[in-house]
Every structure is written in C-alpha cells, then in structure tokens.
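Every chain is named by a letter (A, B, C and D) in the order it is written, and numbering of its residues begins at 1.
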Amino acid sequence: MAARSTFPAGLVLDAHKQQACESPIIELPLPTQVVLALDQGAGYSAEPVVAVGDAVAAGALVARADHPFASAVHAPLAGIIVAMETREAAVQGGRSLCIVIDGSGADRIDDSVRPVTDPASLSPEELVQRMRDAGIAGLGGAGFPTPTKLASARELGAHTLVLNGAECEPWICCDDALMRSAADDVVLGALILRRAAGTVRCVIAIEDDKPAAIAAVTKAIERLRDDALTLAVIPAVYPKGAERQLITAVAGVEVPAGGLPADAGVVCQNVATAAAVARWATRGEPMLSRIVTVTGSGVAHPGNVRAAIGTPLAALIAACGGYRGAPLRLIAGGSMTGRALPSDEVGLTKSMNCVLVTTRDDIGSRLGAVELPCIRCGDCASVCPAGLLPQQLLRAALADAHDALRRLGVRDCIDCGLCDYVCPSQIPLADRFRHARRRLLEAEAMANKAAAARERHELHKRRLQQAATAEQRAFDSVRNRARQPGDGSAGDGN
Amino acid sequence: MTELLLLALGASLVNNFVLSNFLGLCPFIGVSRRFEAAAGMALATLFVLTLVSGLSFALWQWVLVPLGLEYLRTLAFILLIAGVVQFTEIMVRATSPLLHQLLGIFLPLITTNCAVLGVALLNVNRQHGLLESLVFGASAGAGFGLALLLFTALRERLDTADVPQAFRGAPVALVTAGLMALAFMGFAGLGAR
Amino acid sequence: MNLDAVVIAVLVAAALAVALGAALGWAAARIEPDASALVERIDALLPQTQCGQCLFPGCRPYAVAIASGAADIDRCPPGGEVTVRALAALLDRAPRPLDPAFGMPKSAQVAWIDESRCIGCARCLPACPVDAIVGAPRLMHTVITAQCTGCELCLPPCPVDCIELRPAPAVSRHQRRPCAA
Amino acid sequence: MRFDTSPAPHVIAGYTVPRVMFQVLFALLPAGIAHVALFGPGLLLQLSVACVTALLAEAAALRWRGRDAAPALKDGSVLVTAFLLAFSIPPLLPWWLGALGTALAVLLGKHVFGGLGQNPFNPAMVGYAILLVSFPAEMTRWPVPMDVDGTRTWSELAQLSFAGFYGADLAVRWDGYTGATALDSIRSGLDLRYTLPELLGRGEIAGTLGARGFAWINLAALAGGLYLMARRIVRWHIPVAVLGGLLVPSFIAHGLDSGIALGPAMQAFSGATMLAAFFIATDPVSAATSDRGRLWYGAGIGLIAWIIRTWGGYPDGFAFAVLLMNLAVPFIDRYTVPRIYGRQP
C-alpha cells in the first residue's frame, strides 16, 4: 500500500450543472424500439442467446456474459427481435453487435423477474452470481461489470467500499438527482454491495458542491444507524471522481500503478450502481434502465431522464424538448472525457451517464484551437492528477520513443483531459497519449509475436534437422544393408 | 591544499578540456548519442586519465629525464597510453565483467582521445609533481565526463526536436557544442583575481 | 646530435615498443571476441518473420551477419524503418533508409488458404518457418493466424496457388477508460 | 440526425501562447520606464532595432524552411527575445551591434534548433553572450545614471543615447558621461585593493541599496515579476531559487568578510538580478520542466552568477549562468522526474 498521497493536483472547472439539476427526474415511457449494444461500454461483448424473430418478455435475458468483463443484457420491453447486426454504438471503436427489439405494446413480464426475498440471507458468492445474472454493471461511465469487481475485491481482501457520488465532470448531474430523490435506495444498495464485496466499511463520497444530495444521504444514513456506513464530503475539484483519485481523497492511500483498487484494500462503486442493486433486490428487476442527464446548449429543456437501456438517444432528447439552436457535437458523457457520437440513433448504454448536445457556445474554445509548438511551460504537469509530465510525454510520443513513454508513465495517464484544458499551445495532448498507448500496445504485441515466432522457428529448424538426420540414418542403414551381402563382389567394382 | 583545489577547478571547469581547450573532441562528438554509452565513456576516461597522469610522471621523471631523452616524450607517452588502455581493459575484465560489458568498445577508443596525451604533456610542461599530476589528470577526466554527459543529454533532447533538415545530426551537434563552449567562457578569468 | 643519443633513443623507443607490444600481444590472446551477446540483442530487434528477404536464411543468421559486420542494417523490409532505427540506436550508427534491393516494407499481413481450392498436398507445411500451417496429406490446410508471420515462403511451393496474403487483424483495441463521473 | 466526431476533451480553457508572451512584455513596462528615466531614451532605440531585426530574422528563417511565418510572428515569442536582449545590452550600443546580437539570438539561438519550443538555450542570452565576448568594451559602457550625478539633464542623456546609437566616438564630447556599471566599478576597485566600505563611500556608486540607478530598475523588474507571478504566468520556483542561490552565499560571504564581499541587498538590487530571476531564467523553453528540476535549475543560476560576480572575469554573470544551466537542463530533467501516482518513489 502506498503512502498518503501528495497529489493535490486537479482543477476547478465550470460545472454547467445548474440547468439540468433543478427540475425533477423525467420518467420516460418505454420507447417503441430499443437498440441494445452487446458491448455495454466496457469493451467486451455479451453472447446473444436469442435469434431474429424471437418474441421476448420484459426482463428476459437476450445476451449472456461469458467473458468476465462483459455484462448480461436483458430486454427492457416485451416485443419481437427484428434485427441483430453490427451498428454504430456508444462504445470503443464506435461499432458493436446490436439486438434491436420492436415493442409489442404488451406488458408481459419475464418469469425470472422476482424480488430477492432476503438479500441478507444469501452468501456473498450467491449475491455476486445473482448480480451477474441480472447484468449489473457500473453506471458511473466505464460500464465495468460490478460482480467481477466485487469478486476480485473479496479475493484480494478489500476492507473499504467507496461509493462514488463525486460526479466531478462538468454537465453531468444524474447521480446528484438520484441521491436527492432516492437516497434510501443508495444506502440500501450500499449495504448489499458491502456484503457482496466482503468489506468492513463503506464510505459514500460526495463533492461539496452538492449540498442537497449531501443532506439527503446524511438523513438516509441516520435512519439506518450503521456505524460502518459513513459519508465523506470531498472538495469539488476535477477529476476527484476518477476512481484512483477518489480512493486517494477518501481513504488516503494510492492505488499501485498497474494494479487494482483492491490492491490498496479499496473497491469502488458508483452510487447509481448501488441504487440499481437496491432496485434489483426489491423488485427483482435486472438492469433495465438508468438515469441519464440530457443537457447542453443544444437541448431545449435540459434535465435528468430515467429511460430504458437501448432507448435511442433521439427519443431522450425529444423528451427534453428536442434540439435547440445549431447542435454541433453529440457527446456521450461529459465535456472532458465524453465520446462524440456520430448519430442520435444509437441506443442508451449502461455506461452512458450523460447525453451532451453541444453548440458552438459550449465547445467553441476547442473548435477554434490553434496548435502551436510546446513551450514547456509545465502548466499541464501542475494540473495532472497522475503526477505525469505531459510536456515530456509529448516529445516522447512525437518521437515514438517507447522506452521513454513507458518510463514517463503514459500508461498511468487516466485520460482526464486536464492537460489539454490548460495547454496554452492548445495541443491535443490527451489524444496524442491515447495514440501513443495504442502504438505501445501494438509494438508489444509485435514483440510478443516475434518472440513466439523465434521460438517456433527454432523448433521448426530442430524438427527439420531431426527429420534430415533420421532420413540420413535410414538411408545409411539401407545402404549399409545393401552393401553388406555383396561386400566381396560389388565392393570390387567400385 | 587551496592550490590543489584551484588546480582541480581549473582543469575541470575553467579550462575544461573539451569546451575551452578543444581536446578530446572525437569521443565528445562520437560517443554522445546515447546516455548509457556516454556514462561508460566518462568513467573509463576518468580512470585512464588518472592512471596515465601518474605513470607518465614516473616515465618522465625517472626514465626520460635521467637519460636525457626529453625529446622522445610524445612518442613515449603515446606508447604508454596505448599500453595503459589495454591494461585497463584487461583489469576491468578480470575484476568486473559487468563493467566491461557496459564499457564495451569504448575502452580502446580512449587511446585516440587526445585529451589523454594532452594531460600527460601539460603535466610535463607545467612541471607538476606526482600529486599535482594525479589531481590534474583526475579533474581533467571529471571535466571531460561532465561535458560529455551534459552534451549527451542535450543531444538526446535534440533528437526529438524539430531541427531543420539542413542542420540535423552532426551540424546541430556542433552548433550546440559551440554554444556550450560559449557558456563555459563565463568561467574565464575565474580564480585569476 | 651525436650518434650515442640516436642509438639510445632508438633503443629506448624499441624497448618501450617491445615491452608494450608484448603486453598487448598477451592481451590480444586473452581477449576472445564476445559477439554472442550482441547477436542476441540484434536478433531481439528483428521482426522474426524468418522471410529471408535479407538473403540470409532467417533472422538470426542476419543478426550474426550484422554483428560481424558482413551485412548492413538496411536489409529488413518487414521490420521497416522502425527496425532500422532500433538497430542504428543499438549499434550507435546513423539510421539509413532501407535498401530497396531487398524489397519494400508492406503493412502487416498473414497467409490465408482458400480451403475450397486446397488439394492437401502438404508441400507448404515444411516451407513454413514457424509451423503455422496445420494439415495433413490429402486433407485441406489452415493457417494459424496468430502464429503466421506473413513471410510469403509458403506461396512458391503451392501447386494450385490457393494461398493468399491478407491484412493482419488489428491488435485488441481495449484501453482503460476513467470513470470520472 | 448525424454529427461530426472529435476526440475528448471537447472543451479547453482557451489560454494561448500569445497571451503569455504579451503579459511578459507588459510586465517589463515598469522596468522600461525606470530605465528610460535613469539612462535616457537609449533603451527605446535599442528596443526598436531589436524588435525589427527579430521579426525580420524570424520571418526569414521560417520562409527559408518553407513554413508559414504569420502565426510565429503574431505569437510574440520573438518579441520577448528582442525585449530581453534590449534590456540586457547597454543603451549606448551602436545600432548594428544590437541588430547583430538580435539576429544571432533568433537565428543561432532559436531557429537552428527548430524554432519556438525547440531551443535548448535562452536565445536572448546567446545573443548577449556572443556580443559580450566579441565586443567587451562597447558592451560594458553605460551612461552614468541620472540619480548618481544630478548635474546632467535628461536631454543631455538623450543626445548621448543618439550619439552612441549612431556609433559616434563617445570619448570626444561625452567623456565623463559614460562609465562602467556599479558592479563593474566595485570589482575594479576591489582589484586595486580598496575595501568595500571605501568604495561605497566614494560618491559615484553610493546609494541606499548599494548602486542607485540599477537599484531602481531592479525594483521595477521585481514589481513586474510579482505581477507575472500573481497572474500565474510565472510560478514561484525559478525566481525564488535564483534569488536563493545568489543571496544565501552572498549573505554567508558578507558575514565572513564584509570588507570585500557584497551583501545580499546589494547583490539583489544591482546588475541584472531581478530581470534574470523573473524574466530570463523563467523562459520555460530553456528551463528545467519539473518543479523540483526548476528549483535546482534556478539555484544553479543564482550560485553561478554569484561565483562569476565574485571571482570571475565578467562584472555580471547572469548571462553565462543562464546559459550554463540551460545546457544542464536535459541532465536535470533526467533526474528530476516527479513521482507518478501509484508508483514507489
């Protein structure tokens, strides 16, 4: 475990949260069609268990999680599967295999949807398995399957569960809205997660710019009277809500480079995930919906919407009054780390906490950026929450110097984008580092492949040699045998 | 004591062998592409310079002068340096194979480093005693190593710089070395007062 | 200058030369060229396609040739500019462009066997330097994509030209993303 | 509806290099006013030559490389080089030497290495050092400041400035109006075995903070530097380290022998101290890049400047101190990489 951190870096950014957060959460009715990406944002796909033409009930499993990094996908509505094809999606690489379901209008509910009678009676292992079946995944933005994280936390002996209610990125306020309206769900989910992860205590972390959420959660905790469940108020500094930075802020320990939070004795979950777990436990409902912030200058009435997973983003935006002005970029996530999407027809995924419709008012600074050479001013280094030297990394990235990239820690970059934000030369540093990591990965794959090829070539050569020796030996023995009987006669002829 | 200290400062900084006297430029330019190699070169040169300073003093004082063969000193010193370098290589091999692997081909290269011959001849010219010779040799070696390491780190930075095509490689290295020499002129006159 | 001085000078110089020469001779006899470590490090930088485009039978023989000075560092098209630069850095030489006489760099590729046309002659099996083709006589063959180096050495032996080279599949794109929410 | 895509982050603060550069120029204003008030309008003449030459050299270098010169001319970085050089050279320097120094600074100090952001040495100091070693007499001839000899008028200084600027022989008409700087007079006095109190007791270099004239310029530069620090253009590490590296040894030496060693107050407010600490050493391109590295870098500059001032052959050592530490920067950077989150120190 690393010592108490000396990383106060980060930056206070314009929050842009006021507009969306004031109005109550909109409950969006089920759409007529959902587009379910089998990769729900974690980078790994679930295996479909249905075929085109199948009828499914609400809550029925449509794709199974075979890979530990994938999560199961369920039909949020009853209907017919009309397509299963690769489409644009809000995932890495921009495309994923998607299952498209046309709603039949009936509210037939699948038999598997049954409340968990008493979560406290289940063993942690059972809890984890049931959550896996229910497709519980992190709602904070990475979409990583919760059960996998809980299981590894228990294996590594984590002692603290941190519930992330920091929500540090500009624009996003769905967790704030959730905590205000359903703090009891968050607290109940926290208890279940704490049991499943096998940790001693649980800390709910909220940034100090959310007084209403803090008040609601405080009240919910008081009602519960559990000493091992506490609230930590942390300063509102971006990116305090990033997993590692949050753990450092709350627990005072650092996650070792290249390791897991559990290596530092901590496991981190989002408050929205906790609320979803509570929903699953009380209603038996698998992960079928989430709250998402729909905001930006390009939306008429910004707000928070609870919508079914797979709802096309156009429907979400329509629920918030539709587009306004001249929308330029459609971003899944916040303005610092969000992914710009090519189309509003992609479906909502579990990892999507925000739909940000931007106009020139919001992103003009980036669009008008003129890149100049780096002047080594070091502003990037002074804000970097990972303690890196982006100005040195940039040189290494431009020179493709892999050793230097590794030494300077390009892999310790958490992709928060703050270096870009402050750079006076307006260099797209975060993207350069993404490419550098990519090239590093490729180079390492090449090196591994070369090493394997070298080994196989050595074996190949040895095998050929053995074959040649064996052949030679066979040839010799045949010749010798041919020679022996005629030793007197044939030998003379030679 | 003060005099030895001034001698050391003079040989390493004020009259830096590379940047003020322009001796030993061949390895300075040649072995300054990679930091690890330069570090090895700096160490080996420091060792050889110190050793040669002592031995050349002995050769001069106890062989050449008694025999009245002062005019043979250049030839004799060159032979001596070649021998010492080879001896160093053998010794390093015997005592520390690791260091030997680190230094690699750079050990023999020291033979062609004219700073070594320069130190031997300057020791004679300035009539240094044994201790003075050793200090002079060691600090000349330290000054050479310092200049070499600083230059190598600079060149590694220049490798990733957007240098105009016409200046890439050796030209910009020479310009840099020139500016380094300019900077070292700041030490001129140091200790003269 | 009298004759004595000249004689003494010559004698002393000769004595020094003989003494040091003897020492050097002794040293030279003791020093065995330690090239194997260098060969290993050069070999580690080569792409191990074993394609033979450098006119050496595989990557290691080429590494031996570079180490001994018999071949320059510009003969490896599959490694491309990256490999030349890495070799130049290792050997502390100036990087140079690839020699086009040994071929031009291509993007990464792997062999693919059109199984409908393969007659199962098994002639490509021994040609593959890394045993990446599986199959048996009179059964169709398949290339193990993960192990194929794209060396093209399986093309000439195939009597029905059913092997072609296709772009290599991309490396897994997975990267960690922060959960900054 | 379809949208364009672009990589994150989608928003930036909108800081720009030109903003940084023009703030630096603005912060030089107080020092400039003090300079003109005390030494006459020579600075303005030098500034105009330096700026014109610098812009021309920058444009020529970029044209020669086949690049667009407009953004580089507008970013103000070359003007900062020109200003720093003009502030460093004596205001009486003939115009062609100023032009030569500026051209060398921009071409040899900056564009040989690839232009903005690539130069390992501070361009202004490259130009200054070349001029100093090549034209030592011209480079150490300053007007006697107004507040030291109250008998002369500013208009006389103006005539003197123009005479110097056009390269007239100053010895004929202006003898007595020019002289060495305070630091220079003190060092030559010390060479003649005078003690410090004796030298300071003589009128021409007396003053509350040691040397008048320059003390005012240093105070004004300090004000500009504090402004830059307040605007977060310059962070505290380098200026504090430079002053520490200069003042700590001078404090000790002065304590040991106040007869010959200048005290910290005089060191701080004479010569180019404040200009160097806040404006020259802080050039980020040629400075060390991590916070810890910047402390080493600054302390090195201060210490070397003190050594050269005390024992060296030049009256003020900051130009060489900056260049010497510039060349050590890659070395410093190598050993001062900060600890990365989650890694052992």
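Things worth noting here:
In this section, contacts are C-beta pairs under 8 Å (C-beta built on N, C-alpha and C of every residue); 3 or more make two chains touch, one makes a residue touch a chain.
Here the structure is a predicted model, which is why all the values come from computation and not from measurement.
Using the average of C-alpha coordinates as each chain's centre, A ends up farthest from subunit B. One simple way to say how far apart two chains are is to compare their mean CA positions; for subunit B and subunit C this gives 37 Å. Taking each chain's centre as the mean of its C-alpha atoms, subunit C lies 53 Å from subunit D. Measuring from the averaged C-alpha position of subunit A to that of subunit B gives a distance of 57 Å. Residue positions 157, 162 of subunit B each touch two or more of the other chains. Of all residues in subunit A, those touching 2 or more other chains are 333, 336-337, 373, 415, 434, listed in ascending order.
Touching two or more other chains at once are residues 115, 118, 333 of subunit D.
Per the contact rule defined earlier, chains pair up in contact as A-B, A-C, A-D, B-C, B-D. The residues of subunit C lying in touch with subunit B in their complex are 5, 8-9, 12-13, 16-17, 19-20, 23-24, 27, 30-31, 34, 37, 89, 92, 94. On subunit D, the positions that touch subunit A within their shared complex are 1-17, 19-20, 71, 75, 77, 115-118, 235, 284-285, 287, 289-291, 294, 333, 337-344.
Only residues 35, 149-151, 153-154, 156-158, 161-164, 167, 172, 175-176, 179-180, 182-193 of subunit B touch subunit D when the two sit together in their complex.
Contacts from subunit C toward subunit A in the complex involve residues 43, 46-50, 58-60, 82, 126, 128-132, 146-147, 149, 171-181. Contact residues of subunit A toward subunit B in the complex are 373, 395-396, 398-399, 401.
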